[in-house]
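The two complexes that follow have subunit A in common; it is paired with subunit B in the first and with subunit C in the second.
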Partner chain A sequence: MLRYVFRRLLMMIPVLLGVTIVIFTLMYIIPGDPAVAILGSQAEPWEYEALRETMGLNDPYIVRLLRYLAQVYTRFDLGTSYLSGVSITTELAGRIPHTLTLGFFSVIVSVFIGIPLGIQAATHAGTWRDWLPLTISLIGVSMPGFWLALMLVLAFSVKLGWLPAYGMGGLKYWVLPVLSGAFGGLANLAKQTRSSMLDVLYSDYIVMARAKGMPERDVIYKHALPNALIPIITIMGSTFARMLGGGMLTETIFSIPGVGYYMVKSVNNRDYPAVQGSVLLLSIVFTFVMLLTDIVMAFVDPRIKAQFASRAAKDQTKQAKPKGAAA
Partner chain B sequence: MTEMKNNLVNTDDVVVKKQNQFVEVFKRLRQRPSAMVGLTLLTILILIALLSPWIIPYNYAKIDVLNANQPPSSAHWFGTDQIGRDILSRCMYGARYSLTLGILATLIGTAIGLVFGSIAGYFGGKTDDIMMRITDVFESIPGMVLNIAVACAVGPGFFNTIWALSIGGISGTARMIRAQILKIRSQEFIEAAEVTNCSTTKVIIKHLLPNAISPTLVGMAMGVGWHIMGAAGLSYLGLGVQPPTPEWGAMLADARAYLAKYPWMCIFPGVCIMITVLSFNLMGDGLRDAMDPKLKK
Partner chain C sequence: MSEDKFLKVEDLNVHYITTEQDVFAVNGVSFEMTRGKTLGLVGETGAGKTTIARAILGILPNPPAKVMGGKIYFEGRNIFELSEKDMLDIRGNKITMIFQDSMTALNPVITVGEQIAEVVELHNGGDKAAAKQRAIEMLETVGIPAERYVEYPHQFSGGMKQRVVIAIALACEPSLLLADEPTTALDVTIQAQVLELMKELNEKNDTTTILITHDLGVVAEMCDEVAVIYAGQIIEHGSLEEIFDYPMHPYTNGLFGALPSMKEDENDDRLHPIAGLPPDPTHLPEGCYFSPRCPYVTEECRHGDIPVTEIRPGHQIKCLHPQEVK
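Let's look at the complex of A and B:
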C-alpha cells in the first residue's frame, strides 16, 4: 500500500511540471508588456527597457521557462504581483484556507444529503420517493451554481433577510456559499448513488441475504452499499474538483477572499504572475484530492488492493532472479 | 485471394450493422419519456433560436428608457431591464448565442479529442505514452480553472470563448476514444483491413472510429450542456461574451447589480440556461440508456 502511494506521488512530479509549463506558456503568449503593466503608460522609454532587463523579460522563452520552474520548485517562490508588488506565495497562503473550507464543507453537505437521497431512491424505485429526488437532482445538475447562488441570495438575504448576502464573518456567512456550492455535487451524488445501488440491489448475494432473513437495513447498509461505493467515491473526488473550479464563481458572488476570487481579480487586472500562481496552486490541490480519492478507493475496494498485492508479489519474484532487474 | 475478399466483405458488414444499430438506438430512445421530453424541449429551443429574428416581440437591442425596470406584465412577459430592453426578446435571441457556443465548443473539443485519441490508441507504444501524459497534464487542471486561464490568454469575445471552452473537452474525449480503439483494434476485421493494404488514415477513419464513437455521442450531449454553463460562467465573470450581447451569462452579469430591486432581470436568463442544459442532460441520459448493451432486451 505504501509503495502504491509512493509511486502515485512520484507520478505527480512530471504531471505538475507539465501543468507549470502549460500555464507558463499560456501566460507567455498573451500580448502586452508587463513593464507597461507595472510602470503605467507615462514612464520614459529607458525606464521600460531597464525594468524589462532586470525582470529578464528580454530573455528567450526557454530561459524564462527554466528560470520560472527553478524559482517555483526550488524556492517555492511564485513571483510577485504586478499590481501590489506583494509576494504571490504569501498572498495565496492567506487565501487557500477559505477555498479549502468552502470546498470541504460543500463536499460534506453533498455527501450527507446526496447519498441517503440516492439510497432511498434506489430502494423505493418507481415510487414518488424515487422520482422526486431524481427530478431534483436532474434540475440540480442542470443549474449553473452561480445562478443558484444568486437565487439563494435573493430568497434568503433580500426577501427573508435571514442570512447575509456576502462577506466574511461567523458561521452564518458560510451557509449560502456552502449550499450553492454543494447543490450540484449533491445532485450528482444522488444520481450516481441511485444508479450504482440499483446495479447492486438485484445481484444474487442480495437475494441470498434477504432469503436468509436478514433485516432489510443490514441488507442495504452492510451488503449493498459497500459494493456500490466505488463509483460514488469517484464522484466525490470530482465533486471536490468542481468545487475548486466553480468555487471561483461562488467566491466572487459572496466576496469570499479565497484563491478563486483572487484569480478572477488578477485576470481582470492583467496580473499574470498572480493568475499563473493561482492556477498552479489549484491544480496541485486538485491532484492531491484525486490521489486521496484513489487511495480511499484502494482501501474500500479489496479488488484494487489484491491487484496491487499480486503485482508486488510478482515484482519480488522477479527481483529474486539473478538477472531480472527490470521489474 | 478469396480469403482477402471475404475479409473485405466482413469489414463492410460491420459498417452496415452499425447503421442498423443507430436505428435501433433511436427506436429505444423513443420509448423513454424523459429522453422524449428532452428532445421536444431541444427542438423548441432550436426553433426559437433559428426563428428569433422574426418571432421576438420587440427588438432585443432597442433602448426604451421610459419603460425601464418594468416588472413582468402582459406587454413584457419577462419584464424589462435597466435601460428598458425587453427581457423576453433578449432571452429568445440569446438562445442563438448559448446554443452556438455550447454546440461549437463541443464539436471542436470532440473533433480534436477524436484525432488525438485515435492516434494514441492506434499507434500505441511511445506515441501513446507521450500523448497520454499530455492529457494527464490537462486533466490535472480543474475544468473551470483551465477555461478561465485560456480565456485570460485569448481574451474575451464570442469566438475566443468557444476556444476557451473547447480546450477543456479535448482530454476527456481523447481518453475515451483511446480506450475504445484499444478494445477494437485487436479484432480481426482491423487486421483484415491492414492486410489488404488499407492506408493507416483509412483504417482509423473507416473502420476504427465508426465502431468507437457511440460513447462519445453520450459525452457530446452532456458536453453541450456543460459548455453552456461554462460559457455563462465565463460571461458572468466578464471573461466571455461581453454585454450588450444578449448572451444569458452576460445578461446575468448585467443584472447582478439590480438583484435586490428588480429580481426578474436575474431570474429569467438563469431559467433559460437551466432549461437548455436540462434538455441536453435528458437527451444524454436517454442516449446512454438506449446504447447500454446491458439494458438491451
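Let's look at the complex of A and C:
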C-alpha cells in the first residue's frame, strides 16, 4: 500500500509538468498584451516595447516556457503578479484556505445529506420517499450553481435579511456559499447512492444477511452500504474537484477571497503568471484529492487493495529475478 | 407440540406482483415434516422451490413477492403471525439456509471469518469473543484452516466459498436447514465432499433438512422423502423408495426418463426429454398444470382442481391418471 502511494506521488510529477506546459502554452497563444493591461491604452508605443523587453515577453516561446518551468520547479516560485507586483506564491497561500474551506464544507454537506437521501430512496423504491428525493436531485443536477447562488441571496439576504449576501466574517458568511456549492454535488451523490444501493440491495449476500436474522438497519449499513460506496466515493472525489473549479463562480458571487476569485480577476487583467499559478495550484489539489479517493477506496474494498498488493508482489519478483540469475 | 408437527406447510400461495403481470410462483403447497428427516424438493428451474424455502425463512423480497395465503407452522407456531422481532430470532438460528450460488452469497468486503462470527453474535446475545471462537471452530469443521479467518471471499475458491456458506448456515446448530441447491455450482468431486459434510453435520445435530435440487442423484444420496414440484405445486410426494421405485405421476416418470442411463438397451440409446416446456407462470393452464405436456391427458384433466390422492401408503399424487412404469 505504501509503495502504491509513493508510486502515485511520483506519477504526479509528469502530470503536473504537463499541466504547467499546457496552461503556459494556452496563456501564450491567447490574444491580448500584458503590457497594455499594465500601462493602459494611453501610453506611448516605445513604453510598451520597453516593458515587453524587460518582462521578457519578446523572447521566443520555448525560452519563456523553459524559464517558467525552471522558476516554478527549481525555485518553487510562481513569479510575481504583473499587476500588483506581489509574489503569487504569497498571494495564493493567503487565498487557498478560503477555497479549501468552501470545498470541504460543501462536500461535507452534500455527503451528509446526499447519501442518506439516496439510501432511503433506494430502500423505499417506488414510494414517495423515493420519488421526492429523486425529484429534488433532478432539480439540483439541472440547476446551474451560480443561478441557485443568486436565488439564495435574493431569498435569504435581500428579502428575509437573515444572512449576509457577500463577504467574509463569521460562520454565517459561509452558509449561503456552502449551500449553493453543495446542492449540485448533493443531488449527484443522492442519485448515485440510490442507483448503486439498488444494485447492491438485490444481491445474494444481502438476502444472506437477512437470512442470518440481522435487523434491516444493520443489513443496510453494514452489508449494503460498504459495497455501494465505491462509485459514491468516486463521485465524492469529483464533487470536491468540481467545487474547486466551480468555486470560481461561487467565490465571485459571494466575494470570497479564494483562488477562484483571484483567477477570474487575473484572467480579466491578463495577469498571466497569476492565472498560471492558480491553475497549477488547483491541479495539485485536484491530483491529491484523486489520490486520496483511490486510497479510501482501497480501504473500503479489499479487492482493490489486493490489486495493489499483487502488483507490488509482481514488482518484487521482477526485481528479484535478475538477482537470482546473477547468483 | 407433537413430533410430527415440527414443520407443517399448509396451502402456501406466493405470487410475484409487478405492475405488468402477476407471477404465480407457489400455488397451494402443503407438506409436513418430522424432526431429523431430510426432504428433497425436486423440480425444474423456476418451479418455485426456492420461493418455498424463502417463504419458510420469511425472506421473500417484498415487493414484488407476496404471500397470498397459507400457513407455515414451525415448532407449532405459525411463522406468518410472528412479530418481526421473533422472526429475527428464528432466522439464522433455528431456521437457516444454504444459498445456491456461493460465488455471490458472501459479502465481498467483509472477511470470511467475520461473516460466520456475525451470525453467531446475532444469536448468542452479542458475545463477540465467543462468536469468533465458534466461527474458527466452524471453519475447521468445514475443512478450512483457522488462519484463513481474516481473508476475504475473493481469496477463496468456489468450493471453499460454498463450505463457508455451509459453515454460516450450521454455525448456530439450526433445527431446520434449508439447503437451496447446495452443490449445483460445484465440481462433481467437491459436490461429494460437500454432501458428505452436510450429512455428517446433520446427523450430529439431528437437523431437519429441506434439500432443494434438480439433481436426482443427490436426492437418492441424501433424502428420506421426496416431493416433486411442478409449476408451484407438489405433484407427487412420498418416501424416497416410493418415489424412486414406483413413480406414478407422468411428470416424475418423465424426469426419470430424462436421466442418462448406463444400462445397455437394444433400441434405447437416446435421452428422453419431456416434450414441451414448463408453463408460463403468469398464465397457468386450467386444470392440471402438466396437462399440456402430458401424454396421458384426457378432457377432465383440463378443468377444475386436481385432487391429491394417497395412491399407496405414504405416497401422495396430484394426478387423475397415475401411471405405473416398471
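FYI, the second predicted complex is superposed on the first by the 306 of 327 C-alpha atoms of A that agree within 3 Å, B and C clash if a C-alpha of one lies under 4 Å from a C-alpha of the other, contacts with A are read in each partner's own complex, and residues count from 1 in each chain.
Everything below uses one rule, namely that a residue touches a chain if its C-beta (ideal position, glycine included) is under 8 Å from a C-beta of that chain, and two chains touch if they have at least 3 such contacts.
Here the structure is a predicted model, which is why all the values come from computation and not from measurement.
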Return fit or clash for subunit B versus subunit C, each positioned on subunit A through the superposition.
fit
Can A:Val107 be said to touch subunit B (first), subunit C (second), both, or neither?
neither
Using the touch definition from the top, say if A:Gly126 reaches subunit B (first), subunit C (second), both or neither.
second
For the three-chain arrangement built by superposition, which of subunit B and subunit C touches the greater number of subunit A residues?
B
Quick one: classify A:Arg210 as touching subunit B (first), subunit C (second), both or neither.
second
First (subunit B), second (subunit C), both or neither touched by A:Thr287
first
Touched partner set for A:Met27, first subunit B, second subunit C, both or neither:
first
Can you report the vertex angle at subunit A, computed from the C-alpha centres of the three chains with subunit B and subunit C as the arms, to the nearest 10 degrees?
80
By the touch definition at the top of the document, which applies to A:Val72: first (subunit B), second (subunit C), both, or neither?
neither
Between subunit B (first) and subunit C (second), which, if any, makes contact with A:Gly245: first, second, both or neither?
first
Once you lay one complex on the other using chain A, what is the shortest C-alpha distance from subunit B to subunit C, in Å?
12
Where on subunit A do the contacts with subunit B and the contacts with subunit C coincide?
none
Under the definition above, what is the set of subunit B residues touching subunit A in their complex?
133-134, 136-138, 140-153, 225, 229, 232-233, 236-239, 249, 252, 256, 259-260, 263, 266-267, 270, 273-275, 277-278, 281-282, 285
Which stretch or stretches of subunit A touch subunit B in the complex?
14-16, 18-19, 22-23, 26-27, 29-30, 138-139, 141-144, 146-147, 150-151, 153-154, 158, 241-242, 244-246, 248-249, 252, 263-264, 267-268, 272, 275, 278-279, 282-283, 286-287, 290
Within the complex, subunit C is touched by subunit A residues 126, 202-205, 207-215, 222-223, 226-227, 300-303, 306
Can you name the residues of subunit C that touch subunit A in the complex?
54, 57, 59, 61, 63, 87-93, 96-97, 99, 101, 104-111, 118-119, 122-123, 152, 154-155, 165, 168
